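Shared between the two complexes below is chain A, which has chain B as its partner in the first and chain C in the second.
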Partner chain A sequence: MTADATPSPVGRTGGPRVRGTAYPGYVAGKLGGAAVSLLAVLVTSFFLFRLIPGDPVKFMTGGRQVSAGQLASYRREFGLDLPLWEQFTDYCGKALTGDLGTSYQFRAPVMDKITEALPNTLLLTGTSFVLYTVIGVLLGTRAAWRNGGLGDRLHTGLALTLYSIPSFWLGLLLIIVFSVGIGPVPGLFPTGGMESGGEEGFAYVLDVAHHLVLPVVTLVAVEYGQTLLITRSALLDEMGGDYLTTARAKGLRDDLVRRRHAVPNALLPTMTLVFINLGRTVAGVILVETVFSWPGLGGLFYQALSVPDLPLVQGLFFVFATAVIVMNTLADLIYPLLDPRVGR
Partner chain B sequence: MTTTDPDEPMAKAGRRALARQRRRASAVRFWTRYRTHRSGLLGLAALALFTLVALTAPLTVGSDVQSVTNAPGQPMESPSAEFPLGTDQFGRSLLGLVVWGSRVSLLVGLLAAVLSVAIGALIGITAGHFRGWFATVAMRITDWFLVMPTLVLAIVLATVLSRSLGTIVLAIGVTTWPTTARLVRAQTLAVEARPYIERARALGGGHWHVMSRHVLPNVMPLVLAQTTLIISSAILAEATLAFLGLGDPTVVSWGGLLQDAREAGAVSAGKWWYLVPPGVAIAVVALAFTLCGRAVESVLNPRLGVAR
Partner chain C sequence: MDRHDQHGTEGTVLRLLAAAGAALMLTAGLATPLDPAPRRAEAKDGEQVLTVAVAQSVDSLSPFLAARLVSTSVHRLMYEYLTNYDPKDNHAVPGLATEWEPSADKLTWTYTIRDDSKWSDGKQATAEDAAWTFNKMMTDEGAATAGGSFVANFEKVTAPSPTELVIELKKPQATMAALDVPIVPRHVWEKVDDFSEFNNDKSFPVVGNGPFILTDYKADSYVRLKSNKSFWRGAPKFDELVFKYYKDGDAAVAALRKGEVSFVSGLTPAQAAALKSRQDIAVNDAPGRRFYALAVNPGARARNGKKFGDGHESLLNQKVRRALFMAVDRRTVVDKVFQGHAVEGEGYIPPRFSAYFWKPADGQRIAYDPAGAARLLDEAGYRKNGDGRRVGKNGRPITYRVLCHATDPQDKAVGKYLQEWWGELGIGVSLDCRDNVSDPWLAGEYDLAFDGWSVNPDPDFVLSIHTCAALPATPKEIGATDNFICDEKYDELYDRQLAEYDAAKRADIVKQMESRLYDTGYMNVMAYPNAVEAYRTDQIASITKMPEAAGNIYGQDGYWSWWSAAPADGGGSSDGAGQTGVIIGIVAGVVVLAGLGAFFAVRRRATAEDRE
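Let's turn to the complex of A and B:
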């Protein structure tokens, strides 16, 4: 960092070397920040569940008739008889080794339930993330390039409308129209779940893809608007740039100016915001999985909420927050490789 | 600089009148520019309509519309002349429920947004005014909240606290403030760099004086625009929490109606007319607030180039 603060002629000519000297410091800074954030998640998830008014054990047993002996054994089992700080260090130690406690409703380790559901969520989220980012960036670029035109207003209007629609409601409507079927429209897609069962090999893949269509459509529809608007305003910021005038003066075709010059510059701030908005996507995933009974983390979260199965809620909260922090940190680490201006 | 004595009552009254005049002039200027945003006007009209419906609901439908015991119709009736939107599983009129539900949805959205923006403005102004470790810690916390999955945090809060409207307001309010805090802090830093703040300090203005008399009026427009935008997401968040069964079970809200519909099997029975009205109401109100917020934002900051 300090080496760059005083630009030396050597440093200026040796472009890659500047990055080489600064990058480790940048990485260390980002990783340190991520570690602090993770610690904060750990602290929050511990104390959030101590906010419960009254006795946590009474809350757990949900008003059932329990003897005093049982209450005491519950207390011992969940470590609630220890002083608060000891509970906290115990919790942190266990969480770091991957032990997130035992779910009340499934009588199974929280970690097992999570690892079971994780691949399904990754499939749904990954597919949707790629699709809505690509669609959002493409449409956002077009909207900005024809700023104020009919296409721009249509795209922006549609994006804003879809952005205002509750994802779970859109999901329910899609189920009614395309799974249950209205009037002459037959049920084209399954109402929920991830597989019909009994299929193997390629048929299984097709079956899962068939189940995947409606949840992905829902997620993409409610999320692409955000990306579109971000891309649009990032590109609008670049549009006044002198280098675009130069590119046009060279006689480049309009779409080449857009593709080669404007869009790459607008893409970086866009990607930053796309990653920051991952938190919103997590919320979308929870709702979509709930509505479509998708056997992923979101569906599990809903099941845990309705009991409420506190260890499972707590574990999932930890996993969701960690996932978002990890993704953001990864994005931070990749930027300097894409854009040498970052991290110097 | 001035020749008049600041303590003279006449001069004071004159200054106050001048300030009032300026404020009125800037309000007129604001409205003239706002009027050029067609989508903003559309949003405003929709909001006026919904506010009117919510305020007059006790006169038009009355609170007995939510009574389960003496419902007027048969369960799950299709739309008809008597029940324009059909009935729910208890035979209550859906039109009445949607109208009555607007009160809770709008109220919770408004209160949660006010709470959220108040926290955001407080943190933003103090972090911009007091530099040093306080600002560092405050912004670190803000950044952390910014990347957190907001709704997940709100859901967890609503789960561990008791089921009530207050809980929902609190859960939404304390999880959505970070964007406001960042925006307000940036604006505070810009305002505090201006020479007149230095003058105020030199004349003996303390922290409180600078923050409340100079910084706050300057960040206020931004705060208002932000409130409008956050109401939209707060209404969506309220609907989401109610849909997940975390709302107050004793009141009717749009999200709660959708949850009822799902639990009553309206989805698998293909009874789309039960699901459509509450969802449309949520979407229209959320969109209206977004349109207004974007119009206000672009009037205040034309460089943004949004909402054209």
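Let's turn to the complex of A and C:
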């Protein structure tokens, strides 16, 4: 797409290499790396969380009448009475068949707890992700193109300010202003939760959308700055390029020079960030989920850690890490398609 | 080029803002008329809905598994227990059982089961359901998870007739009118395969016979119950009761201000102060059921006699323990740390349990007296060295490790005071604050610790955790003990109270136990924290507190609060006008934004050719 304007040192060889023999090897390497990472995560998640101080059985029975026999039966039930290596092989065997065990505190399969909360988290973080990426890239591009101008200073300043605001504080502020209402501002949105309950069909969709607005606004506000700044600086690096002068000399309009020539070349760092963010969407956002009482994975992870509910912690950690690994691998696989210089 | 581009930037930003604004306004505009959030405690179809903000996640909706307060509170509403507690003074009153009587040998209890309680599917609730529930807990380990201790002393449970339940005991047990076990319908529960994994949260409505029927549940979103119109004590006055999740305390308070919820509990002093000025909100600063204490490590040991842990040797001296507590200014703890939302500590059981409340007589009371404390330490042989530090038997200056909960700001605040107060005595304090204190606690690797328990109307459990029988069998095991107290005299009193069926005599023995606990000085109660909660008076006209005169609303030992709550009539009528205003405002906003959008769209089309 940029071949006509980019004086590439390797000339025409970039494209064929991607489609030729090098790309499959590159792909195999990346996939192999991802598989090794996944295996490492599986092992790490088992041992890492056993370092958390605290006895799950005592925590769960704290403040209740429990006999020594009952405590022992808890340990038996959770498999905590077995030697560590036996617990480990048991865990690995089950994990490979997709069974992440049973949560100590909720007495439900970890997989069920995760699949219950995952869509909620993805709805929140996914919507925010799309919005802050689009806004960040658009504003970042504009800011770089008009580097030093009023718009640039305004956007960069605002983005930096919002980026440095703690999300829970901004969330609470939005709740007070737009949920409860202040002065002439009426209370437009619910104060928390994902739904009012009891709604069905289209009314349910609207109800969830209504609940979604404030948490999404909070996340977008604190997150878009990062994308904006990365896009801006990447584009600034490209702006001195001779190929842009060539493009202008050909008589192309400024808008076209930017959109067709400068931006695609500056996209790589932004893509990296996009995929990192995409990987993070699964892990949820504990603070925003807490402030808006959003029933997602972030809150579940916090609850799991405080026990520690080992199967749940392990399962969540595994899912979070897997998402990041998958997204990073995907990014690696897409880079050569975006920029033939990568992967050579 | 410049002008065009400048225009382009502004145009894009404006379009973006307009799009975002329109999306937001549209969402708000469309959703507001549908928003069922009860500005009044009323739903769309005129039903009275009571919404309560909660934060704690439900661990399980199966009464055989649930341990958390939120879950057991829901069970109180769903199922009748054999007995209930009187809201006035906590004495046992009829529940599913109308009468209960022990045999002469104290080993057999006979309960008369009421004949006017029906399950919500129309079947009669009988003694057979109760017998089945207890037998299941006695024979199935999975079913004993939550309440196994209640049946541990049961020999045999039978139902000779639909209205007669007989429980035979291994040895006498005075707590038989305080069995906090939800009785479940046999015909529903006998179909359950694995009690250790059945959470009772998949099919609704759940069959029950309490004042409310569970109709829906979504983890960390809500628990919905509707009133049981055929409840034997009379139907609740609200048609629906919703526990709605607010994971953040400030967000819950915002919801209360707005009227989205009718009730919020667990307020901080700052939140309570802010809400007090509101006309439509009542703040309930109720005497709590918890005590907040300073526990001393008496030297950890197991039942087999093996000692472990590393508690400071000086703390085994009763004079030292007394001196330390003499230097704790409980008044300051209440005024400064709890900001007045607590009562100064005395005996082990909080004053709201009037039958068992005990406080030391004047001669016995350990009053705040730093000078006296210093004298007592001198007498005990722990004198100051040249640096003004008191030294232990090993000649080294004494520094106590105080175990504190990192998540509890009160622990940290009191810890700072201890550093000051005991510092003046020449004793160092090192605060060991942790998210999870159970490791050093169970290993006995601490000197003192902040401690606290919620007390039940029947105090048996909080008394039992200081008996020698509660110690772990071996150092490797975990016992039910709180802080390894083991005192023969206390144990003897404990056994006596458990076998005493005369309520007044039993209360007297319990008070003697509290006196003994006070004197030994291993468990020093500093305060009884209040339960601070608030509700909207324009949504709830009246609600029963427990104790009735001045008590709490959330987490009662019974269903009194939600069962008795009466909706306020005509409350929030101005909200209708307010909402109309909102809707007009939104419609106007949408029209303006649509106009702007159309304007930019037309402009964009007009210049499209030029741009390409």
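By definition in this document, the second predicted complex is superposed on the first by the 275 of 344 C-alpha atoms of A that agree within 3 Å, B and C clash if a C-alpha of one lies under 4 Å from a C-alpha of the other, contacts with A are read in each partner's own complex, and residues count from 1 in each chain.
Definition applied: contacts are C-beta pairs under 8 Å (C-beta built on N, C-alpha and C of every residue); 3 or more make two chains touch, one makes a residue touch a chain.
Being a predicted model, the structure only gives us computed values, none of them experimental.
Of the two partner chains placed by the overlay, neither chain B nor chain C lies in contact with A:110. With both structures placed on the common chain, the touch criterion links A:306 to chain B and to chain C. Touched residues of chain A, counted separately for chain B and chain C, are more numerous for C.
Look at A:217: by the touch rule set out above, it reaches chain C but stays clear of chain B. Look at A:147: by the touch rule set out above, it reaches chain B but stays clear of chain C. When the two complexes are overlaid on their common chain A, residue A:36 makes contact with chain B while staying clear of chain C. Residue contacts after overlaying the shared chain place A:165 against chain B, while chain C stays out of touching range.
In the superposed pair of complexes, A:290 makes contact with chain B and with chain C alike.
By the document's definition of touching, both partners, chain B and chain C, reach A:181. Shared-chain residue A:267: touches no atom of chain B or chain C.
Residue overlap on chain A between the chain B contacts of one complex and the chain C contacts of the other covers 52-53, 168, 172, 175-176, 180-181, 191, 290, 306.
Residues 1, 4-6, 8-10, 12-13, 16, 20, 24, 27-28, 30-32, 34-37, 57, 59-60, 62, 65, 67, 141, 144-146, 148-150, 152, 196-197, 199, 216, 218-222, 224, 242, 244-248, 250-252, 254-255, 257-258, 260, 434-436, 438-439, 442, 453-454, 461, 464, 472-473, 477-480, 578, 581-582, 585-586, 611-612 of chain C touch chain A in their complex. Contacts from chain B toward chain A in the complex involve residues 39, 140, 144, 146-153, 155-157, 159-162, 232, 236, 239-240, 243-246, 255, 258, 261-262, 267-270, 272, 275-276, 278-279, 282-284, 286-287, 290-291, 294, 304-306, 308. Taken together, the chain A residues at the contact with chain B in this complex read 36-37, 40-41, 48-49, 51-53, 147-148, 157, 160-161, 163-166, 168-170, 172-173, 175-177, 180-182, 191, 229, 233, 236, 276, 278-280, 282-283, 286-287, 290, 301-302, 305-306, 308, 310, 313-314, 317, 320-321, 324-325, 328.
Listed in rising order, the residues of chain A touching chain C in the complex are 52-55, 57-68, 70-73, 77, 102, 105-108, 113, 116-117, 131, 135, 138-139, 142, 145-146, 149, 151, 168, 172, 175-176, 179-181, 186-199, 203, 206-207, 209-210, 212-213, 217, 253-256, 289-293, 295, 299, 303, 306.
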